[in-house]
Each structure stands twice: as C-alpha cells, then as structure tokens.
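Okay, so here's the structure we're looking at.
First chain written, first letter: the chains are A, B, C and D, and each begins at residue 1.
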C-alpha cells in the first residue's frame, strides 16, 4: 500500500513504491491518481512490472496517487477485487487502498444490504466505502471517523479524494504504515523499503488510531478513535516484511537475526553446518550460526526464474514442486549434520519435502529449527493463512510434527524468545501462535448473499 | 444483448449469440452465467472472438446466462463499465445487461447518492440495480417493477438471478428484444440473427412494457407498467440492425430496399451507375437502382482487414483514413455520372472525403443520396450519436451540406418516405430526424459527482 | 508482394501496401528494409495490422524496402518460412520476396544438398538464393539471371540489396506484378490496389521475362530470358485479386461482371432472385442479374467479425461452420426460386451446406451458377488448391455434383466464356480448368531430406 | 545447453533442464525434438517459463531432444539467432545447440561464402553446419570430425539427428558439459544442476576433445581430435555456474567459499561486518567472514521482482538502476566499517553506485573485496564480456579503480589464490585475468558481408 500527495510524478512514484512492496502481494495491483478534477484508475492481474506500461502510467495524471498490491487468495482472483477501489458518492469521488481484514464485515454487509446497498466486489473494503457514503456526518473526515468507528479488525487505509489524501491505522495498529517525505511531497507506505527506492525520507510510523489528513494546506493529525492496546502483527517481523525495512520501529533484519540467536540458545544442535531455507530463513540462520558457533553455509540454492505455472512431466519426479524452487548443494550437505533454519511450518508438506531432499543429498542428520513458535491459529487480521484444520501445529505436537517431517530433531522458538527478539513487551498481536485474538471473531457467520467470501 | 435459460451449454450459446450481435458493439463484451448456486462472470475489452477463450467459456458454468456487447463511447472505455454487471444485495446476486439509455439517470443517481449509495461505474445501468436493491417490494418481480417504474427512457433489459431470468422492454419499446426457443431452452436477443446462428426459433418480439419471467416452472408474461405510445427506434431499420434480422416485425433488408426505392422516386438522378457506400448503403442502393433503372455496381471496395489502430505515415496521404477502409474501382466510376448511396451523413467529414475520392477516380458527376432524412438531433435513447453541435444537418441546410460535400446534387429521403418504408404509421421514434422526443430530456443536468457521464 | 526504392518512409509504405494486399495471404507477413549499410527485418505470424507496431516499423530504417504476405498452407506454418528471407553471401546481404511456386525446386534442392548446401526453411524460395550465391557470374544481375534461368515454374520476385531493388516476372508471366511511381520513388506490387492506398500512380505491368533494376542512377529494364508464351493466371481474375485492382491489364471487377453475364447467357434460369455468395460471388451475380433480368438481392449476409479459431458447442449446430460466416435473409429467399452465384466449387462441402441452408430458409428452388469452369486440376504455379483427389470436379460429372449439392440445377461457365470475359485469346494459364499445364510437372519427386514440402 | 536421448518425455525433460540452466542465458531459448522421422522446433524470445506453453511442449514429439538458452548480446537479439538451429542437408536433418565461441568463424565464413554458401543467421554456429554439410567424409561422425577439426575456439556442442544424439567438447575443454543418466535415457547438460531438477544421476564430465555418440545401440565415445592442454574456463567457477553445480569436477559453492577465504588472507580488513553483493558475492563473502572473523551479514537486499524494462521517472532518483535491484539494510551498515564482497568489477559503474549507496546508508568505511583478479581482457571463448576498452582494469591500476569507486580500500584475489581455490594447477583458461589466450585470436578481421557480428 502506497500513497503520495503533492508530487509532479505521483503515479510514477506510486508505481515504484508498489514495485518495492511487491513481496506483499503478487496477485494484482493498481493505482488511482487525481489531478484535482478527475480520478484515473489502472488495475491489472499479476506483477507491478507487467501491469504498468509507460502508456498506463501516463494515463494516471495528477500530483496525488494511491496504490495497492494484492496477494493471492484462493478462489476469487478477480480483477474486480483488485484495489484501489474507486467510487462516486454524494461526497464526490473516493478511492481507497486497504491493508488488513475486518472481522465484522459480513454482519455490516448484511445490514447494509438490508438497507438497500448493492455490492460489486467480494471485498470487506467495499463495506467501508458504503459506511462512509451513508454517514450523516457533516464533514468528510467526520464520515470517515463514523465509518471506521463501526468496523472492527485490522485496517491500514489510504483514501484519495480530489483534493486530499487521508491515511490511517486502526486503534490496535495491526498492520504497519509509515509516513515519509519526498521533497515537498508527503508519502505513506506499508514498509520503509518503498521510501528507499524513490529516495524519500522516513519520518515516523502512522500511530495506531491516527488519521492523517494531507491537503494543499499541509499535514494534520487526528486521534479520533477510542484508544486500544497496541497489537502490531508480530508476523511482519517473522516473515512478511522485507529485511531491509524498518517496521514498527525495529529493523526487520535485526529482529530476525535475534530470533535465530534465541533459537540457538533454546534449541542448540550438535551439527556441522547451519543451512537456511532461502530466502525466508536467511537472517535467522545467520543468528543461529553466530550463537551456536556452527558454521553457516548456503546448502540450498534458490532458482530465481520460477514462473507462475509450470508444466509438470507426466512421469513423476520426486519433490518436483520444491525442486523447481530449491536445489541442495551436495558439497555443503553430504556427510554433514545439518541444521535447517526456516521461518515457519504451515501445513508441513513443503518442509517434509525439503528434509527428505536434504537427506537424499547425503546429510547424516537433519535438525529443523523454526524461528517462531508453532502456528496454531489462522490470522483474522490480514495475513493469508490456511484454515485452522490445515495448520499442522493446531492438531499435532512438536514431536508428531518432527516424525511427520522425518527430522532428527525439531525446535521452535518460544513465544517469549520471539517477543524478546522483536523488542519485548506486549504491543504485538501473536494470536497465530497463542490463539489470543485481541479483537474477537464473531461466531456466527451471517447469511451469505453471494459475491462474498468470509475470511477464516 | 442475449439471454438463455435452461440450456446445458448456456455460456457457449451466449458466446455465439454475442458473436452474431457483434455489430451492435465492439468495445467490450461479457457473459454472466449461473448454475443456480453461484454466478460466474467473464468480461473483456475488444471483440467477442478475442475475449472468450475456450478456458473462459468453461469457467462460465451453469444452464442460464446473459451476455452483452458494448459499443465504443468516447472517453470512458473502461473494463469496469463492461456489461453484464454482477452485484450482490439483500435479494441475492443479480446480473444485468442493458440496451438503451435512461434520460433521468443523473437525477436518480443524485438522489441515491444523497441517500448513501455508492457508484462503481459511470453507467446509467447501475442506477437500476440500486433502485431494485432499495425497493421495499415483497417480491423480486415487485422490486424490478418498482425500479423500472422510476426510470425514464430506453431500456431493454435482461436480469439474471440464481433461479430465473427476467427480461423486459420499456413501455415505449425503444430498443428491440426478441424471444425465441432452442429446444427446451428459452432465449432472448436484441436481433433475430442471433437465433439463426445457434439454430433457435424466433417466437415473437417482447412487447413494449412487458416483463417476461423465465424459471424452472416455465415462462410467464406480465404487463405491469402504465401503457405508452409505442416508439420503436427507426434508426435500427436505417442502420443499426443487421440486414438479415427481423426487427420490430419487419425485415431489415426489405425496409432498406424500400428506403432506396422511395429515395429514387423522391430524388431521381440522371446518371450512369448507382454505387453503394459499403456496407451500410448496399440495400438502399439496390432499391434505388431498381426503381430508377440506373444500373447498380460495386464502385467502392471495402478492405475487410482494417485493424483498430493504424500507423499513419508522417507524410500525408490524401484521404488516408477513408482509403484504409474503401477503395474506388476506377472501371466502374471513370467518366460516369455516379449516384452514391449511403445511409446517413453525421458530421459530413467522411462523406466529403468519399465524394472527393470518387471524383479523383474520374467520375464526371457525383450525386449523393441518403436513405433517411437529415440527422438534426442526437439520440437520447441508446444510439451513440455526436452532440447536436457536431451534426452537420442541425445547423446547415441541404444546399449548404451539398456545397460542403462538393457533390453535384444531394437528396435525403423524406420522413414520410422513411416511415412508409418501415411499414408506415406512428409506432416509431424518429427524434433524430424530427426533434420530436417522446420522453422529455431533463433541461438541467444535476450536479455531477464524478465517475459519471451524462449522455447528450 | 510489395517493393519500394527511394522513399524516406519506405517501411511505412511497405506496411500500407501489404495491408492492401492482405487478401493475398493471411498466415504471416514481413518487411525487410535497408539504409544502404544494413538490412532490417521484421516478420510475424498473422495479419499485417497485428504484426507491425509503431515500434517495429521504426526499427525498419532506410529508404528501400520489400514486403510479403504469405497465405495459409497446411502443415508447416512456421515463422522461419515467413518472407522476405534475408541472407548473407559473398555478394553481400540479399533479401527476397517471392510470389509463385517452382516446379523443379525439389530436384534443384537435391542437387544443391549434394553439393554441400544447407537449408533452413521448407520453402522453394531458398533454392533461388542458393543458386544466386553459387553462380559464377561476374555481376549481381548476372548471378540473378543464372539462377532464374535454372528454376522452372512461377515466380514474381523482389530482391533487395544494400544499393538496389531488382524485381522480375518469370517468362510465362504466371503471377502478376505491377510497376508504379510515388513521387521520386519506384514502387512494385502484386496488385494495383496497393498503389491506390498509398497514393502511388500505376505505370505498367512488369513484363513476362523482364528484370527491372532500380538503383540510385534510375530504373533499367532487361529481358535476359528465353521468351515463352504468356500464361497469366486466369484465377487471379476469377477469385484471387481484389475487384478494385487492374490485373494483367484488365479491371477485375469488370472481368467478373462479364463472367456473370456470360454465365447468364450459357445457363439461364427461370427464377425470382439472383443471390451472390459474398464476397466472392458479388460481381458475377450482378452481371448474371443484368443479363438475365432476374433481380439481384443480398440474400446471404456475411459476418465481418469472424475470428480465426472459434469455440464450437458440444451439441452440434447444423451448418455451424458456414453459419459463422453467412446468414440467409429469409425475406429475400422465402418462397423464391433462387439463383445462387459463386466463383468456384472446390471440394463441394461448403457449397452443399449453403444450398441446404438457403433451402431451409424457404427457397422454393435453388439454382447454382459458377462463374468459371469445373476445377479439375490443382495449381502448381502458386495458388494453394487442394490435391486433385480432393477436387470434386476431377472425379464427378456436373450432374453428379448437382446431386451432391442437392441443387435444382447447376451451371458452370464454359472455358470459352471465361476466356472471353477476361479479354479473350491465349495469354492465360487455365490449367486448373483444362489440365493443360504450360510448364511440365516433374513426375518423380526426389528423395526428401526433411524440412521440405513438395507442392502438389 | 541440454540433450536427452531415449526418454518418452524428452521435450518436457529438456524444458525442465533449460529451466535449471536459465541463469546461463535469458535472451531466448529453444528446443528441437525428434520422433525418428521428423524434427520439431520451438523457439522464442525471453525466459524458458514464458516461451514454452503446454501446447508447445506437446508439439515437440519424440524421445530425443536438445535445448538451448541464449544470453543477451547487444544489438542482434533476433529470433532467427535463437538456438537450437535446425537445417536440412544431404545427410538429412540436423539440429544443433552450441555453447562457446569460435575464433576463426569470420574467416571460415568468408571462405564458405566464396564457395557459394548462404548464411541466414549472424551466429558462428551456422559455420559448423556448413562445414558438416560440405564434408566429403563417408559417415556422419566423419563429417562432424571434419568440421570440428577446422573450427578453432570454444565449443561444447549437442547435435541431434533423426536417429542419434552426438555431443562433444573442444580439445581445450573451454566450456563445461556433463553426462548423466535418467533411467534408460542418456542426458547431457552444461551444469549438473539440470540433472538434479529432473532426478537424473550425474555420471561424469564429457572429456575435452571427446565425441559421444548416443543411439539405439547405446553410448559410444571417441577421441578423434589432436590433444590439447586442458583450458577450462575459470570464470565458470567465479561467476557463471550455479553454486549448487559441480563443474569441472569441483563444487562451485566450495570453490567460491575458498576464493573468499584466500581473499581474506591476501587482503584482510579491520572491519565490523562482511556484506555480500547478492547473489554473486554470497559464497565468497561467507569464506571471507570465516577466515577473517569479521561477522557476515545481509547488508544488501535483492528485489526478486525486477522486470526487464522499467519505467524511469523523469525526475532523477539517485542510483535508480542499482536501487531497483538492491536496497541497503541500514541496521547492518550504519556506523559500521563494511567489507563489501563481490565476484568482479567490469566497467566499475555499478560498483561505484553500490559503494556510494552503502556510504549514504551510514557506513563509516567501505572496503571492497573482489574474489578474482582484475578483469583485464575480454573473453573470446564464449563469455559475454565488454570490449577491452570498457574494462576498467585494462587501463586503470587498482589504486585508480579504488579512487573511482570512492572505496576506503580495494583488494582483488591474486591469480595464484584463485587457481588454488579452484583446485590448483594449469587446466584452466584465465585469459580474462592474464591476457594469456590459449587459442590465438586472428588479428585481421575478414571483410564483412553483413548479417554477421565478430565477437570482440
């Protein structure tokens, strides 16, 4: 998610910002810009670099823009769901980009439908736009506050209007959002690495519960929502953010390094080499190696040219799917006791294939180390995890998982170790490891009216 | 516009039907189908044959479907405006395809926006969906009647629901809509040529003001609207429909033939050859030749491979744009007195180029004959005409137009002659020739909220 | 086939010329240009308008260019066979575009292979390039004459070199080639309609057996080959050329009109309407109507939007393939005795479907009239006809064909009638109607070495 | 380069093999297969995963295939140059894939042209095919030996015929080629990582000067060429090969690790962190860190989603080109003395940008360490290096380069250190570091006939 106000090449900067944020979503991307009179929208399926031609960028006129990349969710990969959305209502044209997930979207939507609203997407974000349009508030900001007071869950949002950009974070601060400056222009981005690419200066994080209004007169901040305990997504540090970003005030690279270090202290291994699963396990493996004294080496090589769809041979090749992406380096692995460091085990199937592949390359022992606790619960606040039933750790003990992986040992970082690695204290949501959900998930899902998917 | 209910290959039939109706719109096309549980939507920019791959057709599951082709309107060629639309509301999922144009869409939209509705397209069709969703009527049919009672203007509509297909025509019957049968299945189409391609049998036209409800129990007809004088679009006969269609109960080919015949009687010419401007002037030219006794010949050849965008040379080529499409046949034209028959003169620029090109090929005289009266007013009921200011006949006399075209003579068919050619009588809207608009056009255009174009 | 020398926008003119010649080949197209130092080549599969983007045209620098469109031959639709070819040899770079077919290509190729030549295409044109490269002649022109003396069959050729353009026609003059002028530039094209589009002036046909050398010093003509009886392809007049072209000194439109007239005299019919099979039968039908007095009408409408591949429904639709392209107009046909005029019957399958479709539309009688004699032999000189075995008239009598078509009567134009329509006399090759092949076809086909197709 | 014989899914295996070898060439790729009767060829521009659809793979029938990926060379990126080539000659059809570069191609080509050969590509590989076709040898193998005896330079080749696969390496063994087994099938590949992906077993390297003939009767080896001192390309170990490959009998990963270790011994640095330039400097940086004791860290993060063409903003962004690919991690770099490890400095421009970017991220000192000697000479044996004039080290001293880079210190690995790291001894070509070219480069370049590029 990216926003910019007051730059002569707003759309081009948004395009580059989205490119730097590509890891946050590869399914679709879009940009909406405005020249103060009209809005311009370009969206497409696929990668930022493929969607935006020079011609499409040129069509995105004006000095303000917001952009979005969407990750692949199963089922409803449809262009109509690609953000930013752009609508007209009695307050004028509004575009919106949303990072996060609302937990009460289904019931709000039911209510809105009962009141005569129509929905054109299956996205929870559309609910917010309806609430803004229906608000009786006198001012635009008032209407946004009205709407955002009624939604529950995770939202980092960027709204674009003809004459202003308004961004905000929910009161728990689930998802990241940073504020920066590029010459005269104000910029916002999900991660600071987007600022680095365009040469913008990081200023500060948008605060949980803060709305920031950017217009021709300058930048104003408001804190219109009931304060809540800060609950920033710990998984941003574990996996989601890029290591060169500073997220929630911490260097991601450093946090991961410390996860690896703590993991080495909690789960040492008598071994010959520490091998990261690239790229997610790189930083933690380095930390593990440093503390354990076991040498670090690149025992798995990643193929950078993996395309989206791949033609499989009829005749089965063992571990085909994993091999397309990863290849073991026999010289590093053969006859060695290997510590394999990764950032998480979700369903367990991929990890099992990697362990088996490493073993076939001649490893004497394979010790799996994971730089976070077992993933026991799905995320309801904006990370695309499988359902609880699919999470191997929600039903299996660590020993059972170890047996499934056919690893010689398996160690997960403790929740305490993880918390300490990311700076300690309570301001994190770690529901996926603890089942402690800060915003309750409604039990009943309301009657469905089609065109809508309820997030697990 | 096409609809089908109760056919195992509903989407495939819709695809073929749209192909036969391709001349009605080349900008975008789409199909929505349903299997009774879910709706499936595929839309794209361009021609039917290019948009729908085998794979996309396969994704359109179910035994009911509606489809739409959209013609090119200036400015907002956007995928989001491609029909059929598909929405969810408290009555479930609804898809809609619309042929026509509402004259009170802007004011209805203003009202809906004031009541908190949001709009995602710039199309008048979205207004109808909001009205349906907001209706307090107990039944679905009731809600449709509610909504359609409030809109004014031209609408032939096909609504698809999970369990039924509802089609209808406005009480004036501006736009055509035919009902047919394909085995057990019920089909509807803007023109009968769509039935011919798929082997369906034409049954009858949907009546002005009629709603037809097709579901598992059969086909029901209702006439829920206040009756109005029938005002079918005479331009369908002059230009829009395919000559092999039967529209409003008349063969299009025959009507055009009779226009040409009447034209010959009204505006004879001492000439050697009657040359049609292909393909629009073909039938009328034949009628002209028959009555006048002046031999018919193909003096202009059309290039069938014209692509959408064409690379122009830097160095100007005379009449380049027209030449890409038409080439004169010198043997037919040289030293002859030529009667050039076309279906209309809009801005006059193309006609002027054709006259000049024919003259350069050696014609001794060029007599232009037009198979309808001068086009003096824009259409507000669904035909994409330029604004009044751009219509040459709205400000220039016939003699002035003749001088502009540099033709030796110019004759338009009289309105009486045209009416007689299409079967006589009053049931036609001929506002574009008479400025006699059956449904008044609101004077004031309401404050615009963006994302919306008001049709001239 | 198109060539131009001495024009600042040579490639752009070639592109437009090819566009006008698109009807001569839709499988692939290409242009080679030169700026005197280097050659530039762009080729692609499909239509001219789709292959050449603004960018590709820009890459084709220089003031001389040749271009080619290739028609679809079964089997080896490969980009490598798309012309113009471009090679390097000891005489420098050569590009070539070829219209026609050599009858001794296989044996020449065998010999060249025995002498150590390698072949990269399956085209007979490559043989010519080898012969040029191997010629011992002192001059370039000498080498071309050497090579072209050895090949037998049909060739209209355009050779492009860094400093000159050389074009020629075989001594029989099988295929057309016209010479024109565009300002200072010299242009050549297969048909004069290409000149019309770019505003060039037709000068004369290249003579059978003539080589024309165009370079900075001007235009020279040579007649270096042993003279032969002129044998111009009569099928160009019957079907292949565009009606607005002048080919072999005759207007194509006029020739077809006269074929129709002669057909009416030879095979009159007691009927109510003359219906052309569009577009090939249009001109002849007009001639038939004129002479017979039976009124002409558009009883079959062609769909202009037919794409290349079409998704067929599983459930068979009668006459599906024909219906995609043609639709009968019931008002013209019903209860009428119809004369159906077409330019040829090849396999008979399509004609049979059309007759049946017309009958189902209510025709009382269907009388088929063909504006040329029965096609009894395949073409070996550059027209893509099926093998003899597939030609219905090679094994069936006219009465047998009539029964197969289920027509009420069937009449072919006599060879005498055809000859007279195209200007009379002997200078035509009509082997496809008479089996009188002016250049003998080698009986034995030489051992094949792969990568080569022998033309039937 | 990949080859397979005797596998039911030959083309599919070739496709996967090429995918694993994608790093060796990203410009174009192709596969030729044979079913014993016919050859099938599919080629395209771009990446393997984008070129080969399921449909194209299906068209590549048969149980034998060869494939090739080509790297981007400036100027003549043309599909016609994409390999494998496929030709017909008197010995039948031949396809060939070539890794390497011939130094006497221009003079051989001149001679062949004088003898009447024509060339359709600008590739030296075409010369080999002409020589094979012109050989007087009785057998196919004899003709290959004839041809390959006459060419000088680097060639690892795979020839496919209808009934056999013949592969070989030049007598110096410049380029790698490995032999493996996949069930009953014989496979060859430039690097062993291609075997790993498809589950094939590495058997041995093809020996310098060896021809291996694979047919239905089995696998034969011949050594028909005059023996030469082995001169394997040392740059394969430094940069070109994938780290998980075993090349010339050595693990690439291990060799690079040892280069880094030797570099640390030769050029130690008082520093706080060792930062690799990803991905090329990863292994060497690890070795450097291990020996020096300076901790290793990921101070530069690579963006994996970089597309081919990127739209640059009008307003300059500092270090834009480098930033698209690499982003510094401030937490790793700020206030640190950084050792930056990379595999080579070519022109120096990119290295200079990286040093500057690292410094702007707060590094106190930047010490550049390169894991090979200064690159002083271009490669004539198949690696795409710039001309001598563009190589910064060909004209500048190490100290001058250091000043250009604005680095605090600069150290290159010595040639002795490099040789030791790759296993010691003489069997390597290191001309790019020593100007000691094992096969002399002809001084004079022969007169050019167009369509041909002489490799610097």
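Here, a residue touches a chain if its C-beta (ideal position, glycine included) is under 8 Å from a C-beta of that chain, and two chains touch if they have at least 3 such contacts.
Bear in mind that the values here come from a model prediction, so they are computed numbers and not experimental data.
Ranked by how far their CA centres sit from the centre of chain D, the chains are topped by B.
When the C-beta pairs in contact are tallied for B-C and for A-B, the bigger tally goes to B-C. Mean C-alpha positions place chain B and chain C at a centre distance of 37 Å. Spacing of chain A relative to chain B, judged by their CA centroids, is 47 angstrom.
In chain A, no residue reaches two or more other chains under the touch definition.
Here the chains touching each other pair up as A-B, A-D, B-C, C-D. Interface residues of chain B, counted against chain A in their complex, comprise 38-39, 41, 78-80, 85-90, 92-93, 110, 113-120, 129-130, 133-135, 162, 449-452. Every residue of chain A that touches chain D in the complex is listed here, in rising order: 8-9, 12-13, 15-16, 19-20, 22-23, 26, 47-50, 52-54, 57, 193, 196-199, 242-244, 246, 251, 253-254, 257, 279, 282-283, 286, 290, 295-298, 301, 303-308, 310-311, 313-315, 317-318, 323-324, 327-332.
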